[in-house]
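What follows is a pair of complexes built around chain A, which joins chain B in one and chain C in the other.
This part shows the complex of A and B:
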């Protein structure tokens, strides 16, 4: 049943894109590790880290697309799920430091020693085990999304009101994580990581491995999301997006539909965050900043929402632009980003991918082909005459 | 006493002394109505008579302040929400045709097709031959076979109305509530729709709300006249249109 379900996700261009991303996950690390650095196809270390980071952003944008593009839930708080997944991974990485920290405490992370804490808080238990952290990467964002969604969707909070409370959610978490006595490193967050699963994070091979993990995670998430939107449930998602009360009167439990897809999307965002943290080497409360979540919406909009692939392209393109602009003209980036969002909204409401497909449709329709609409109109006329 | 009890249990839909007010305005005022299994009933009334509010109450969108609303003699509709009521077997067509515009005609029918509405069931749903045949049959009934794979947003107004009726059929409810099915239709389409509804009423109970008197005459069923939130008259169209109160409420004083 599951395999048949996933197989459906591999229809059309999704299969090609998923295969391409997975292939990148194999070829880029191979080229980085095997080829000599003067080879034409050699991928330098910093590119591996940078594009690894972009892949995690792409996963985040695709997760957002699942709720926004398909179910009409404009979440302006997906950065929070990303950050929570990141913190869960960061806690694991902190505990791997062990006695190699500045203060050399075998159990307590440096910031706790600095705050004069004597024991590890209970919620840090278990994070020395990778499997436990991996479960938490899914469970914590998932649980928050479930509880949040349970109340919001049951109370029928929709549209802009829902967007505002998701902003409030991420802002509240931002403030909470800034506090030192929360026990997550306060302002500085979690950093100075040494290794993951026994592999040194500074080692290019570990980075290449993380790149591969990000690529495989994105590829798999794309196939799963595609299988979901191509199933009958995907049609229910669109129905909920386009005419929520009609879906209710057809007997669909709309709040369950939203809750399922919102929770799943939050878990994907959590995975993205967990892959992001070891690649960049730090997680701090800044990741909860409301502006971050809004930026994710821009990636999805630029790439083309409701396409799954579009947001992946959008996230990578916008961040490439950001990397280039912040190096060349650092003070102009925010204007460019804002301008980009306005331009896309006004001139390309379907985003890059949507504009491209409607353009290719137009090219196709220019070719002489039997026009089905005409023959149909003829038949209808005949029917009308008969009756 | 015994008589009235048996009456309640054999009645498909039973409204007794239902009232609801919005900000002090009594939209429904002591409304009582009984629909028998297999019956088709037409409901007419001037604007603001409470026709749509009555439908909202039956389908769980609006909760009445007082009164009983019973479905099949035992289900208290005031205690359930839209989803539960739809699953219990009451389907509704809106005044303004409401179909899923970004999906094809066939997908609209597939969504409406009766079956398990759960998240898992729809994730792993595979169309059976019986389901496909049923959709084909409905496409034929509502005369949309030619347009099955077109987006619902590309349909004409009248075709959207028919698609929505088709969706009601796919849902296969025990009771259909049809709000102004011929609004905006051409005369030919109106005649066709009356035919279609008469066909449907052979196997389903139907409540039709409509303004178009010619259409009501075509339906040839018992008529209930609503005015100011309660029943003004009930009977055949000729009977009610001869009723002095009805004439007054329609023609004004």
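This part shows the complex of A and C:
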């Protein structure tokens, strides 16, 4: 049954993209590790790390697309779930340092010794085990999203209000994690990691492995998301996005639908964060900054929301641009990013992929009369509701 | 004899109350100072006492120089001078006239000798000297210093001063100082009881600590009275503490009000999510900076009033940018609130980077004008002038905006468009222009808020970012589309923040407020003062 469910997710382009990403996850590490460094197809170490990071961003953007593109919930707090997953992984990596830290304490992380703490706080227990940390990577963002969503959707907080309170949520977490007595390293966050599952993080092979993990996670998440939006449940999801009241009157428990997607999406974001932290080697409260979460939204918007593949392309494109600009013209990056926000929303509301496919639709439908697509009709109805 | 002395004292005090020193007195003083040159060290003690008795400020430098060993007399006429060594020679200053005689050789003058006894006498004497100063403000300050220091050796001087003091305020201060000293001494019970009463009426932390000490060391009636007084004082302190928290909260609330009131128009009235609102505030603050620079170079005399020029300038700058923003971007996005949010966020990034490129990434200094700096003391509270100004400025802005919306044709059109766009349009209201001007108005007010905020915080490109989330919280909490809601919301959140701070800390307090708002929106999704009726949906 599950395989049938997933099989449905492989419909259309999704199958190709998922296969391509999975293939990248095999070929890039192989090329990095097996080929000599002067070979034409050799992928250098820094590219592996950089693109590994982009893949985790892509996973985050796709998770956001699941709630925004398919359920109409514009979350401005997905960075919080990403960061929480990252912190859970960071805590595991921190415990793995053991007595190799600066202060050499076998149990306490360096910053706790520095703050003169005598005992490990209770919420750090268990993080020396990878399986426990892996569960927490899913459970903590999932639980937060569940509780938050349960309150918010039940009292029918929608639209802009929801966006603003998700932003308030990540802002509150930002302030909280900056506090030293929270026990998460305060301002500096968690860093100086040594190894993961016994493999040294500095080792190119470990990086290649992390790249493969990120690629497989993204590929799998893409198939699962696609399967969900193509299932019967996915139809309810779209109905909720396009005409929430009508879906409710038809007898669907709209808030349950939203809650499920929101929680699932938060868990995916958590996984993305957990893969991100070993690749970049640090997690600090800055990841909770509301600006980060909004940037994720623009990745999804640039690529094309409501397409699942679009946000992946958008995240990688925008971040490539960011890396290039911040290296070449650091002064102008914010102009470009800001311009991107404006241009995409005003001129390309469907993003790169949506514009491309509506263009190809137009070409195809030159002969028969064009009929309005479902999403456009939904947009119009939403306009009516909002005004 | 005593009658005669009392008369003399009266006469001296009367004379002392003249601001200029009469010639006869100046001569006496001169003789008294010059007398220091003669006699033995032992005689000199009496002479120093006599000088201290005069209560004349002229003797302060004389005695200070004497203690330092820098007091010399001229051998020729035995006149005493303040000597400052400049290279090999001395420059002498006449202590009374202040005339300076430069280039005096060491051979022509002789030091007035001094020993440790004299030094101690001078030090003690000078510390009480202010108590006998001609200036009543100085006497007040001296009495307060003694009260704070709890210097028991000052008791006789206080008694002496009380006998001849006439200024009611100084008398009250002296009595309080005496009460503090009496209570810790071994004075009789009645004196202590009356001292407790005086201290209880005085209140404050110092009185509390004195009374605590008294309650611990004494017994019987004094102990009981002291304990009762402690309770009374603590209650007063708690009340003042509450008042102070309320004031700080109102002050923070007025800042929030200023920052969010423009948003209340664009978001509340028009339904536009303007994430660049904070940047309008920032632009207002930078306009203030630019105006200050311009005034500094063009008309330095008006620098204290540069804020008055900055207010209209900031309104125009932010308003113009708001107008362009509405015409250029936002009008294409009406009915798509989430897209508006993203586009305006992009604009905010561009504005931030633009300001960073033009003015540099560091903080800019905007100075406080004279009439806004300093503080006013009010019964144990210290209120800074800039906070007071901002509080009333925020209220004034609110009143103006309210009047504009309710009393002018433009306000009428704005409300009409808010309530029913199609109907307003068919009745001849040019809705696109109303939109543009409403947005410009909201942005302009944000610019004015920037003028005020430049007075209490850093002016940096990130200024707006620190206010944007708070502003949204205020508007959402107060209820969209309702100016009263914004007022109440801002003040409530300000006061709540300041009341949480003492026991939760500033950061945790803020987190608690955020969590509270998140929960509050669950309960009342449309805010404190929700719009009712069909227009809501």
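Heads up, the rule we're going with is that the second predicted complex is superposed on the first by the 365 of 387 C-alpha atoms of A that agree within 3 Å, B and C clash if a C-alpha of one lies under 4 Å from a C-alpha of the other, contacts with A are read in each partner's own complex, and residues count from 1 in each chain.
Please note the rule applied: a residue touches a chain if its C-beta (ideal position, glycine included) is under 8 Å from a C-beta of that chain, and two chains touch if they have at least 3 such contacts.
Worth saying up front: this structure is predicted, and the values here are computed from it rather than measured.
Trainee: Looking at the combined model built on chain A, do chain B and chain C fit side by side or clash?
Mentor: Overlaying the two structures gives chain B and chain C room side by side.
Trainee: First (chain B), second (chain C), both or neither: which does A:119 touch?
Mentor: Touch status of A:119: no partner.
Trainee: Considering only touches as defined above, state whether A:334 meets chain B (first), chain C (second), both or neither.
Mentor: It touches chain C, and chain B stays clear.
Trainee: Given the touch rule stated above, what does A:5 touch, chain B (first), chain C (second), both, or neither?
Mentor: First partner only, chain B.
Trainee: In the overlaid three-chain picture, which partner chain does A:163 touch, first (chain B) or second (chain C), both, or neither?
Mentor: It touches chain C, and chain B stays clear.
Trainee: More residues of chain A are touched by which partner: chain B or chain C?
Mentor: After superposition, C is the partner touching more of chain A.
Trainee: Applying the document's definition of touch, where does A:176 land relative to chain B and chain C: first, second, both, or neither?
Mentor: After superposing on A, A:176 lies in contact with chain C but is clear of chain B.
Trainee: If you stack the two complexes on chain A, which partner ends up touching A:248: first (chain B), second (chain C), both, or neither?
Mentor: Only chain B; A:248 stays clear of chain C.
Trainee: Name the contact category of A:231: first (chain B only), second (chain C only), both, or neither.
Mentor: first
Trainee: In the superposition on the shared chain, how near does any CA atom of chain B get to one of chain C? Answer in angstrom.
Mentor: Value for chain B versus chain C, nearest C-alpha atoms: 8 Å.
Trainee: Taking the two structures together, which residues of chain A meet both chain B and chain C?
Mentor: 379, 383, 387
Trainee: Hey, which residues of chain A end up touching chain B in the complex?
Mentor: It is residues 1, 4-5, 228, 231-233, 235-236, 238-239, 242-243, 245-254, 256-257, 260, 376, 379-380, 383-384, 387 of chain A that touch chain B.
Trainee: Touching chain C in the complex: which residues of chain A?
Mentor: Touch residues, chain A against chain C: 74, 148, 151-152, 154-157, 159-161, 163-165, 167-169, 171-172, 175-176, 178-179, 290-291, 294, 297-298, 301, 331-332, 334-335, 337-342, 344-346, 349, 379, 383, 385-387.
Trainee: Mind pulling up the chain B residues that touch chain A in the complex?
Mentor: 59, 61, 81-83, 86-87, 91-92, 94, 98-103, 107, 110-112, 117-119, 122-126, 143, 146-147, 167, 171, 188, 192
Trainee: Going by the contact rule at the top, pick out the chain C residues touching chain A in the complex.
Mentor: 271, 273, 329, 332-343, 345-354, 356-357, 421, 465, 469, 472-473, 476, 507-508, 510-511, 514-515, 517-519, 521-523, 525, 537
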